[in-house]
Amino acid sequence: MANRLLKTALIGQGFMGRAHSNAYRQVRHFFEVPFDIETTVLCGRNQAALDAMAATWGWHETSTEWRAIVERPDIDIVDIATPNALHAEIAIAAAEAGKIVFCEKPMAMSAGEAARMAAAAKHVPNMVWHNYRRVPAIAYTRRLIDEDRIGRVFHYRATYLQESGTDPTRRPSWKTQKASAGSGAMGDLMSHVVDTALYLNGPIAAVAAMQHTFAEGRDVDDAALVLVRFVNGSLGSFEATRYATGCRNANRFEIHGSKGMAAFNLENLNHLQFLDATEPRNLQGPRNILVTGPDHPFSSNFWKPGHVIGYEHTFIAALGEFLRALAEGQPFHPNFEDGLRVHTVLAAIEQAAESKQWIELL
Amino acid sequence: MANRLLKTALIGQGFMGRAHSNAYRQVRHFFEVPFDIETTVLCGRNQAALDAMAATWGWHETSTEWRAIVERPDIDIVDIATPNALHAEIAIAAAEAGKIVFCEKPMAMSAGEAARMAAAAKHVPNMVWHNYRRVPAIAYTRRLIDEDRIGRVFHYRATYLQESGTDPTRRPSWKTQKASAGSGAMGDLMSHVVDTALYLNGPIAAVAAMQHTFAEGRDVDDAALVLVRFVNGSLGSFEATRYATGCRNANRFEIHGSKGMAAFNLENLNHLQFLDATEPRNLQGPRNILVTGPDHPFSSNFWKPGHVIGYEHTFIAALGEFLRALAEGQPFHPNFEDGLRVHTVLAAIEQAAESKQWIELL
Amino acid sequence: MANRLLKTALIGQGFMGRAHSNAYRQVRHFFEVPFDIETTVLCGRNQAALDAMAATWGWHETSTEWRAIVERPDIDIVDIATPNALHAEIAIAAAEAGKIVFCEKPMAMSAGEAARMAAAAKHVPNMVWHNYRRVPAIAYTRRLIDEDRIGRVFHYRATYLQESGTDPTRRPSWKTQKASAGSGAMGDLMSHVVDTALYLNGPIAAVAAMQHTFAEGRDVDDAALVLVRFVNGSLGSFEATRYATGCRNANRFEIHGSKGMAAFNLENLNHLQFLDATEPRNLQGPRNILVTGPDHPFSSNFWKPGHVIGYEHTFIAALGEFLRALAEGQPFHPNFEDGLRVHTVLAAIEQAAESKQWIELL
Amino acid sequence: MANRLLKTALIGQGFMGRAHSNAYRQVRHFFEVPFDIETTVLCGRNQAALDAMAATWGWHETSTEWRAIVERPDIDIVDIATPNALHAEIAIAAAEAGKIVFCEKPMAMSAGEAARMAAAAKHVPNMVWHNYRRVPAIAYTRRLIDEDRIGRVFHYRATYLQESGTDPTRRPSWKTQKASAGSGAMGDLMSHVVDTALYLNGPIAAVAAMQHTFAEGRDVDDAALVLVRFVNGSLGSFEATRYATGCRNANRFEIHGSKGMAAFNLENLNHLQFLDATEPRNLQGPRNILVTGPDHPFSSNFWKPGHVIGYEHTFIAALGEFLRALAEGQPFHPNFEDGLRVHTVLAAIEQAAESKQWIELL
């Protein structure tokens, strides 16, 4: 039986556009799905760059008019990788046009926008590119939790540490301006922290927070720190910052439960630390598990055990699982509802920081 | 010239009493000081245990009456290693009797007690056993900061993670009861976190916090988490918990500054992570420095470079430096004033947790 | 100007065939080269598997007759990923037909075969897939050596540790039989060790060795250990084994020189340990460098700094650099001459193990 | 019942003399033994230094005549911490005088000397200070082996890496001259490697080796590398060097067996890596065990779990266990027979290096 053809439009020509393009090119190499993906049209503002990127990544057409694309009846998927300020308008238009909609994170400029997007996308298949849920080590942590190997959770501690802010030679970009990005470290980094926390440790009951901008004259946050009470009774802390000198991409978490401990750092994407607290005490120690199989998430999709994967594979795996869910008529996560949940927490953090009060989420 | 003899009374016969006893036996082996230490009298409540401990550690006499000891004119040093509830009364009496006073941490049951102790001890040499200031890696971090190798500090992140709370076979002790300990993780662990933070990163401007007791029926905190604004403009977070499964004694900090990064974990007492951000980016990475010399703090006191030291050496070094300061008529830190500073922060944390408000310290 | 089209035939349908297929699909996405790669024909023995693999990876045709393919005038590249026993015959035929020839490692069944292959390929562009030269951390080590940051080398220590042999459920494969593989750990793992050593530390003067087969009835080596004298005066040791319980893919080296130290483990593909011994001693420690840029090998080709790559990227980078060299008329390494150098060392190791003598290579 | 008093004479006033002195002062603090140790007389050549050291460490008398001391009837223990060249003569004299004899490693200048020493000491209690057998992590490895948690051993890999040789400012000492030391890295470092290997993995069947002197004009080895066949069928390699830039004191081993893996590095004295290969594969990873209790070797002697110990504790524990064995009339290891076993292997290594042949030991 022939595969169904999915004609795809990608709106966005930056770094994330490359990562998504790669996922479209690679997904069929690693995931068996009953779809063919056509990289139909690449949309952006800079025609010369569009031409080059289309040539490199095999996009059939280019366009500088996203509205025209969204209206094209032949397009099946609209994938949004623009600056954040455009997410909502495009996503809502695409959803209303009945497209499958993918959206980069942070999904929106605000929780209000996210709510409108989620409402609009209710009747179309959709995905937010919180790609880190498909890091094998993170998916494996989820499995360890499901298998009750962590037990009752006491503590969940997460930090996303980068150092872009400390580099004086770095030029301002859309990511450091409120008009285009909506926020700074909050949308860029904290949204990942929150999505992973919700995925692994469930809903949040209350937060206290502080935000700070180190760079003079910048109108977005450079760093945010949060105290968290989870609904499951565990205590948490989140931190996201662009001023963590020495950290290239340290998206980390540590979970302590009654039966075990797990710890992760994205700079060591292929490893997970796990401690089994049910063993004799003298044999306990954090195990450095190389999460490349056998019997690890996605290990049968990619290479042989012991052969590590990289950043890009998290996009491939997200897309692969989305397509499998689509084929099977199953729900997929993270979708726009999940993105809205993230934004609801982000909004509470901002409110807590501004009001200097604890904010209850439930 | 003969050394001055210092007759020492140790009040306390538990784990800390052993650590102090060891320091008295060892200090002259590693530090040149113009004093002889006589381990004159060991004081506690359990006579059988006192006898055994005195025999093991060479205490000349034993006593079950601390008041009598404090009044003895021949005693030079009164060292307090009792449950916290007794610290203030003994310390004030000893100070009023003109003794040199040493006190285990947490110094007091409350900031009020700490203030009275500091006032009473104003005119006698005194020390709080915040021994971790003498971990070579921590003292070396202080030196790196002094040499401006960290630069302007952006972030200071500290956790003291233990797992005693998760062990159902563990019996309650004086450390888990409010009447004897005053607090739980706060006095036991957070006091170390705060002292080290004040030592390395200076005074604190404001805190927000939460505290929690996981164990049913316990009247002290099992865990506390804090957001911190330091006076130097950096953002901080503190966490102290007895429910961090998998962590035996993870007293950790991470500092990110404009010029470098430093990170430490007491479970790796002899190592410091340091990153020099002034180097070419492609050569940067956290260096795992084995802080055993040459030219590291205390490295000339103990063994040869590459030969690691342990927990007990931090007490020996604290005592050694106290005695050197005493001989030279120089101030010593941490003293009761420093202990009071710690308790002022602890009190603000408790108040912040209780009131769910930010508490300003200045 | 239009790119030159290179029609490619891949002979081999196993794990390495997948890795090569991926390189063909991906190279143009990350490397600017004036060639288009057509994945023209996939050749193997199992038609059903060929069909599936061709469908997945976009091979236009399939074939079960490698001879016919080698004779096809339209084919530009013949890429050999078969069991080792077929390498020489195919490679020589392809070279004699004037093809560009790529060959998986180990290049040959013996040094004699390797010599005939190298002779045959003298007049055609060629490559051996010693892909690990393109691990960024390994290429960066080469750069550190070139910049004299290691200095005069004293020691070079390398191990390639896997555990496949210890798994009783693992079925024998062509890799564990002399007729198809020529050797065991020697060709499979030691060939990588030797190629990397020659790349980083130069030619070898003499070896002593032992080999061992743990598995009963197996006619190839499971493990080999070697003492090495390098021409540059440094002392080395090599080990390759399939019985290193606990090691998934631990291809490691450590280099100690008069100015610095470097250490690597393929299980942490994105990291390099580097110590600068010219700094003040108290600041020295092995730095854990995340070799993902900026200014690291291939960092501008793949993702942003801090975003890790995986196993497959080493093939993409090897192919990318081969094509760039081809375009510029420059020599490329590792080529068949380099492969012959590896086999000359492997033969000396085998001879040393068998004779229980040191074997001089020069 | 009163303890028996053991009057001790220490011959040697260098670094090891300090380490032994410390053990005498500390052993009763941590080990319950029915002996009192009197630090009776300290013997050396430099009277001024002797006086200072005696004052620091509490030696009652000093002497520059070891012969007179050995003949003193009141002395119970003669402890030899001199340059190696004096070990045999003193040890034999002391043994013949009926003393308990302790000897620093390397025990002798040659296997012949070691044999004469072992013969002479046959009828007196004796010990060689191969202190690393009392590193808790090493003793725990021995226990894991005894509990069959490693299984049949396939590989044993050990290196002792120091960098003293690379320091041009370092003055020659008795340790770098054949007349006083007998050898270089061989006696200093390799003797530890061999003793630990014999302790953990049993007797050695055959060796091949190379030795090298990097420093011009030096008459002892700077480095030695060895291939090893153990009697238990496992393959081994040993390396000892003073030219391992970047390594302060990296005494390391890795053991791979059918059931597990263990790995150690003295620079992380308190940790052991252990992998349990009998678990499900996806849960396997090297565990970083903090070997400080509960239920670890010596953990009940020293501090609480999680409170690390240092280099000196290995001497205290060796002495403590020697005294316990003495009290119970049990054999103690490592004794002079064990020291002879080490020297037999060292001699075989030297012979193998010189002859460029494999040397059989059995």
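Going by the order they are written in, the chains are A, B, C and D; count residues from 1 in each one.
Quick note on the criterion: contacts are C-beta pairs under 8 Å (C-beta built on N, C-alpha and C of every residue); 3 or more make two chains touch, one makes a residue touch a chain.
On a predicted model such as this, the values are computed, not experimentally measured, just so you know.
Visitor: Is the number of contacting C-beta pairs greater for B-D or for B-C?
Guide: Greater number of contacting C-beta pairs: B-D.
Visitor: Averaging over Cα atoms per chain, report the distance between chain C and chain D in Å.
Guide: The mean C-alpha positions of chain C and chain D differ by 42 Å.
Visitor: Approximately how many whole Å separate the CA-defined centres of chain B and chain C?
Guide: 54
Visitor: From the mean C-alpha coordinate of chain B to that of chain D, what's the distance rounded to whole Å?
Guide: 35
Visitor: Among the residues of chain B, which ones contact at least 2 other chains?
Guide: Residues 271, 275, 284, 286, 290, 305.
Visitor: Just say which it is for the chain contacts: an open line, a closed ring, a star, complete, or other.
Guide: It is complete, because no pair of chains fails to touch.
Visitor: Which bits of chain A are touching chain D when the two form their complex?
Guide: 140, 271-272, 274-276, 280-290, 293-296, 305
Visitor: Could you list, by residue number, the parts of chain A that touch chain B in their complex?
Guide: 154-155, 157, 159, 161, 163, 166, 208-210, 212, 214, 223, 225-227, 229, 235, 237, 239, 241, 243-247, 256-261, 275, 277, 284, 286, 356-358
Visitor: Which chain C residues qualify as touching chain A in the complex?
Guide: Interface residues on the chain C side: 15, 18-19, 21-22, 25-26, 28-29, 56-57, 162, 248-249, 267-271, 290, 292, 302-313.
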